[in-house]
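In order of appearance the chains are A, B, C and D, and numbering begins at 1 in each one.
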Amino acid sequence: MSSSTSVGTDEHPAVVLTGITKRFPGVVANSNVHLTVRRGEVHALCGENGAGKSTLMKILYGMQAPDEGTIEVNGEQVRFRTPSDAIKAGIGMVHQHFMLADNLTVQENVVLGAEAMHGIGKKARARIIELSGKTGLNVDPGVLVEQLGVADRQRVEILKVLYRGAKVIILDEPTAVLVPQEVNELFETVRGMQEQGYTFLFISHKLDEVRAIADSVTVIRRGTTVGSADPKTVSSRQLAEMMVGSELPSPETRESTVTDRVVLDVKGLRLMTPDGSRPILDDVDLVVRSGEVVGIAGVEGNGQTELVEAVMGMRKAGSGTITLQDKDITKLGTLARREAGIGYVPEDRHRHGLLLTQPLWYNRILGHQTRKPTAKGVWLDTDGAKKDTERIVADFDVRTPGIDVPAAALSGGNQQKLVVGRELSGDPVLLIASHPTRGVDVGAQALIWDEIKRARAAGLAVLLISADLDELIGLSDTIKVMLRGRLVADADPNTVTPEDLGSAMTGAGSTSAAVHETVAVEEGEH
Amino acid sequence: ACAKDSGGGNNNSSAGTGAACEFAQPPTAPATSSTSAAAGAKVDASALKIGLAYDIGGRGDASFNDSAAAGLDKAIADMGVKKENTRELSAAPNEDESAKQTRLRQLASEGFSPIIGVGFAYAESMKLVAAEFPNVKFGLVDGSVEGAANVTPLLFAEQEGSFLAGVIAAYQSKKCHVGFVGGVEIPLIQKFEAGYFQGAQAAAPKIKVEKSYITPAGDFTGFQDAPKGLESAKGQIEKGADVIYQAAGASGKGIFSAAKQGNALAIGVDSDQYNQATVADTKDVIVSSMLKRVDVAVYDFIAAVAKNDIASLPKVFDLKVNGVGYATSGGKIDAKLQGILEGYKAQIIEGKITVKDKP
Amino acid sequence: MEEKPHVPAAPRKRKIPGWAVGMLGVAGAIALLSITSMQTGFPQLTSSGTTQTAVRLALPILLAGLGGLWAERAGVVNIGLEGMMIMGTWGAAWAGYQWGPWAALVAAVVFGSLGGLLHAIATVTFGVNHIVSGVAINLLGAGLTKYLSTLIFLPLSNNPRQSPPVQPFDTFSAAGLGDWLGELEAGQRLFISDVAGILRGLVTGVSPLTMLAILLLPLSYFLLWRTRFGLRLRSVGENPHAADSLGVKVYFHKYVAVIVSGGLAGLGGAALVLNPGQLSYLEGQTGGRGYIGLAAMIFGNWRPGGLLGGAALFGYADGLQLRSGGETVLALVYGVVLLLGVIVVWQLIRRKWFSAAAAIVVAVLMYLLYISLDEIPSEFVSYAPHMVTLAVLAVASQRLRMPAADGLVYRRG
Amino acid sequence: MGHLRGKLLPPALAIVFSMLLCGAALVISGANPLSAFGAMVTQVGKGTTFVDIINSTGIYYIAALAVAIGFQMNLFNIGVEGQYRVAAVVAAVVGGSIALPPGIHTLVIIIVAALAGAAWAAIPAILKVTRGVNEVISTIMMNGLAIGLSAYLIRRDVFGELRGNNIRTAEIPESGWMPGISFGGGGTMFGFIFVAVALGVGYWVMMNRTRFGFELRASGESSTAASAGGVNAKKMVLVSMLLSGAIAGLISLPELLGRDHTFSLNFTAGIGFSGIAIALLGRNHPGGIAFGALLWAFLDKSGLALDNVGVPREIVTIMQGSIVLSVVVAYEVVRRFELASEQRRVGRELGTVGGAA
């Protein structure tokens, strides 16, 4: 643990947190946390889901008041009542979940709260365009945020911080939604700014990234700082073990379980934008076999979401057929498809996966409201649902005080485990998993991977969408690259590298032998 | 060139054209007019405990509830009824039957008799409560209860009074074009409409008569929406009508102001509205009012109960007993027109003219 | 629909700016009415009298709707507009009979704001469900004013339900212009006479309150969309967490918005009290106009220009039926047939066969209705505004977009 | 125990608070609040008031259930007011024009009323599902049209007949009535009250024990999660709106079948709006709604006694408004209080030893 070493030196650390404690009903999120961040460094914060990282950062940013403890910025003790106080002290924060108003323009989102700097008109616009370059944001400031993809939204978030002239920048899991190229671009930005004297607090569950970018690492476990590490020397495995406080299971070796029994067969799937101007999905053909994991790689916004939702029946396909185990399900609704044996781990668990204010067992019923063990005919079987929820909580190591707490009370990783557990119940034949481990810590990640592999070995077909290319390569038996609504290339997971995949995804073409183009990619306006 | 509009209506030249009516030959006026109903010896009603159950609005509504209240006040003044022996309750908007029943029952069980329900809305509840209290005397304004011996209906021939209002309108119109604005299209108000149409046409067979209602049956806001009354009347004035008869409760105020703004005339309803404080600013357009003497009916009923002579009450308070009539305040009805009106009145009383009570 | 002021649209990238679309729409609507009025022979459809009526009837609805707009842009659903409007009527009458119409306006705003303040305390500070609080305020507004009237107005007016008379505003007319337009209107020439009639209605007999309301609309637009205060206020309605994370005082802005909302609704109440035909408080005089204002605001997609359209549509249809009765409303049916004809052509161009077919069927049905009836039964004529509103909603494409955090309770942390 | 306290304490606090508020208002206006409240309480034992309260509770209960079904999935059905009006007039017309054996006749009237209410609700439902029309606007508009339709149907040249100065539909023959329970001088309790109770039980079972209730609640909580879980959002809008309308159609039946036997100008309006307040007061829970309906009915009926002691009856409306508001505020205050004490408890128990759940 880094102690207060600044005494006597002429230069104060950028930030010193001392003895921070924060309690929530039923949980102590931070307990006696100490943290020192030197000026000009990139300081990484690691820890399991729910370890208290975000909470600590929210305290530093003035969004939550600590129950105990003090904050020093540049050697001066401060007390932040609101984020404005923190912003005035030169602290900026990019939140784990987007803090953007969809129905406002990029410009409005950026200048909000900082109107005093350049007004809300032309001058502000000029300043935003000037700063946009730094973040790689390439859109007109007058565009509504709802029209942006996640990567651009992330850039807008960073833009907001830059616009306010923050010197200490908190990045809470900024890379969770980015592809490697974008991550690299972000890191270049960070390094460039670091040289200009900016200080960064960086949170990520991707430990390779942490080691690549950080100058020092602090590990938090169950609300307290358990130590620090030197990113130059520590291995990811060691870091992970510090985080969970025990040894990690060793990765099992890959062995193919692919059979030749076709489970999902998509033919000629097309889908147009609501105004009918251009296709979102263009002639997609896809086959997933029993025991096979088919991974779809692609930059966000190239049609992966729509593909999944079309297969789930949440969007009406324009043309084409979808067959599940020789049964044409093109015309069926979502419920009928689920009953036919599709499990679905949605990309946004809050929007599509959970009823946040309802208890865990009630959430168990969602999607299974017509099936055993949660229903008997038109009647719900609440006892069955509760019993089966207990099973999921035990099998999937969902950390919860009980199955009667509302889903909102769980940390994100634990919510995810619950969703995965639910979707693997009832013996599905096909699992559609969209970013199944997004923002989930290493322990939970390993557990979710194990469960998917186990089910695959038992014959489950899996359609996997992930922005985490390591995950995609590690889990998939086949990888397909999606670009502008088309499946443009196949990649061999045994040989392909994330970098190759990344360039195929952006349409730059790949020279690697592991990627075969299946469709000639015309140079578009992308 | 923005100018302040002066008080009188200079901004609405009435659209339609027309000349004064060609009148039918009016009947000749009788020598003497009929006698007042409430004549006779002084009655002592000091022993009575009188309860009044008003309809929505209650005392002070400047309409028929108030008229009923005036009857009670007169009884207090003339017949020695003690103020503390009276109780007045009023209905609330949107209340159900049981509230009306409770109101009547409260009065009955506390020994009030007679009990007067003001408004036909009390008909059903009075039927029930009267049966529970056979010794209590009930009076029901604007309604009747079949087969209940202790309920006295206090009904009016609004159509007869409205007939005369129609005659007045025809004679006051410069363009032989008049209008009627009703508050809510219910049978009671349709009686006004029917009589008015018949009267106007009797006086001037070629007259044009507009009619409109502010709201249909069931939406009683038409009785209290003066702005809409104003617009409705303005529409009629725009079409060319220059005398408007209103039976629209508190919305009438708007109709008077429309008349004032549109250089038209208006005829009031129920009480002598020329003398009513709430519409004092527009009194100069009020040529007359159709009088519906709820006060007389209430007073006579109390007197009859005191004398224990209910049978003497008229079945219907009509022109003959001065239960309905017209007001001459404001001096716009000259002697000639008054003579014509008395002529029609005599014919109605004699039965030579029967006035329809449905349009 | 009536003339719209120059209200720019969202700062969204579009080829045609929003105000131009609005003007086109207005021109289209006038053209449609003009043709209808010629074909059916009812000049009342576009007469200056009808226009004036429409303005008078739309005014309270517009002000209530504007109140709703302020609150909902800050994320607070205001179903309590009716109650705040009632408070406004009482306040206007109470001050108006003593100190004249300007005092009436001030008092109406103050009383309405008190309702708004209560709503803000309940929904913002105590996190009460917005609809619960709104419903409670409607009850409280009605109860409180009745109670106060019994205490204060009864001794003066002898009527517990009505206040003493209130001094009216003087009204103003553009005399020369009005006469010239009057000549044009009387000329009965297609389109020109119609436009003249509508314009003449708009410049004749205008009260200061009407001018104030018409000013408040662009003013609200300016404040909400062109100032930093407005940006903050709207951000609170879109994503309070984001706003909070940038140091915007969420509670403060919600409070301001809801209090202003109440004040505007109160002003709507004053418009009823100061209506030339009323000039007093009368129990029940709001008659559900607060709800209609809310509907007009939703109809207008939570935007001032749209709200004006919604209020004007309602006021126009109401004015038409009140002034001219069933035949003219039937003429409107003819107008709808024409409109559907335009839609059919449009859908055919866009190759939307199904929509075109549906429009044809409806158009034929409406036409049959038009030729088979002489007059719509009076019972339905009164609800012409309701039917017109439903019809427009059913035909118009629904790209309504309410503020994303509208109605959600925000708790810090 | 804490659980129960959290549920019962707030309403109790709210009622006390509202009484204090209204008491203060009464004192200011020079009346004696004690005699006013006393008169209201003693009124319950007088005449038929007790039975009237029960009857009224049943009617409000049905109305609030109709509203609550919409609320459960964030559908704001302001149209209950219009739906029950249309249902009442249609049921009265049909009931008065057919001759059937007792029992069956009544049943037919009930079914007709439910269908009519559902049909009237179907218009905004269909507009919402096919055209995306906001149900708040469309139901407000439909309420107006409902008055127009009922006025048209009771025209003398349509189905109406004149009764003195009143106008009404043909009287339903006795075979169509629903007998009540007579308490002699104490009044007659509507037989339909039992139907209301059954509806409440059915509502509870449906919401908590059936797939449909699950889908309804899921849609209300998160339409996106529900649709990913296989709930057809459009179908749910349609079905819940129709169900809400069908129940709304029953609102006027206690009076129609048990007392009035006809639809006339004396029709009791405004119950739909009260239903909104009561559903919210009862937090959409069948038990809470029953409590709210009882309270509402008590204030309504006992409030009639205020006239006798010379207190303005408007105080009742003020009390209703302030109770609605203070109940919810009280729930919030109690919730915050319990949260704070929970936080202190956790703090004590866990001290500074970390233990994220």
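Here are some notes:
Here, contacts are C-beta pairs under 8 Å (C-beta built on N, C-alpha and C of every residue); 3 or more make two chains touch, one makes a residue touch a chain.
Predicted model only: the values in this text are computed from it and were never measured.
The chains that touch both subunit B and subunit D are C. With each centre defined as the average position of its C-alpha atoms, the distance from subunit C to subunit D rounds to 30 Å. Averaged Cα coordinates give subunit B a centre that lies 36 Å from the centre of subunit C.
Distance from the subunit A centre to the subunit B centre is 77 Å, each centre being the mean of its Cα atoms.
Taking the mean of the C-alpha atoms as each chain's centre, subunit A and subunit D sit 45 Å apart.
Residue positions 147-148, 151-152 of subunit D each touch two or more of the other chains.
Those residues of subunit B in touch with two or more other chains are numbered 93, 185, 215-217, 219. Shared interface positions of subunit C, defined as residues touching 2 or more other chains, are 160, 288, 379, 382. Interfaces, counted as pairs of touching chains, are A-C, A-D, B-C, B-D, C-D.
On subunit A, the positions that touch subunit D within their shared complex are 21, 23-29, 31-32, 50-52, 67, 221-224, 312, 314, 333-339, 344, 346, 351-358, 365-367, 369-370, 375, 378-380, 382, 399-401, 409, 411. Listed in rising order, the residues of subunit C touching subunit D in the complex are 118, 122, 126-129, 131-133, 135-144, 146-147, 150-151, 160, 288, 291-292, 294-295, 298-299, 377, 379-380, 382-383, 385-387, 389-390, 393-394, 398, 400. Looking at the complex, you find that subunit D touches subunit A at residues 208-215, 217-218, 221-222, 224-232, 339, 342-343, 346-347, 350, 352-357.
Contacts from subunit B toward subunit D in the complex involve residues 87, 89-90, 92-99, 101-103, 105-106, 109-110, 120-121, 123-124, 132, 142-144, 153, 155, 185-188, 191, 215-219, 358. The residues of subunit C lying in touch with subunit A in their complex are 11-13, 226-228, 231-232, 234-235, 238-239, 241-249, 401, 403-404, 413.
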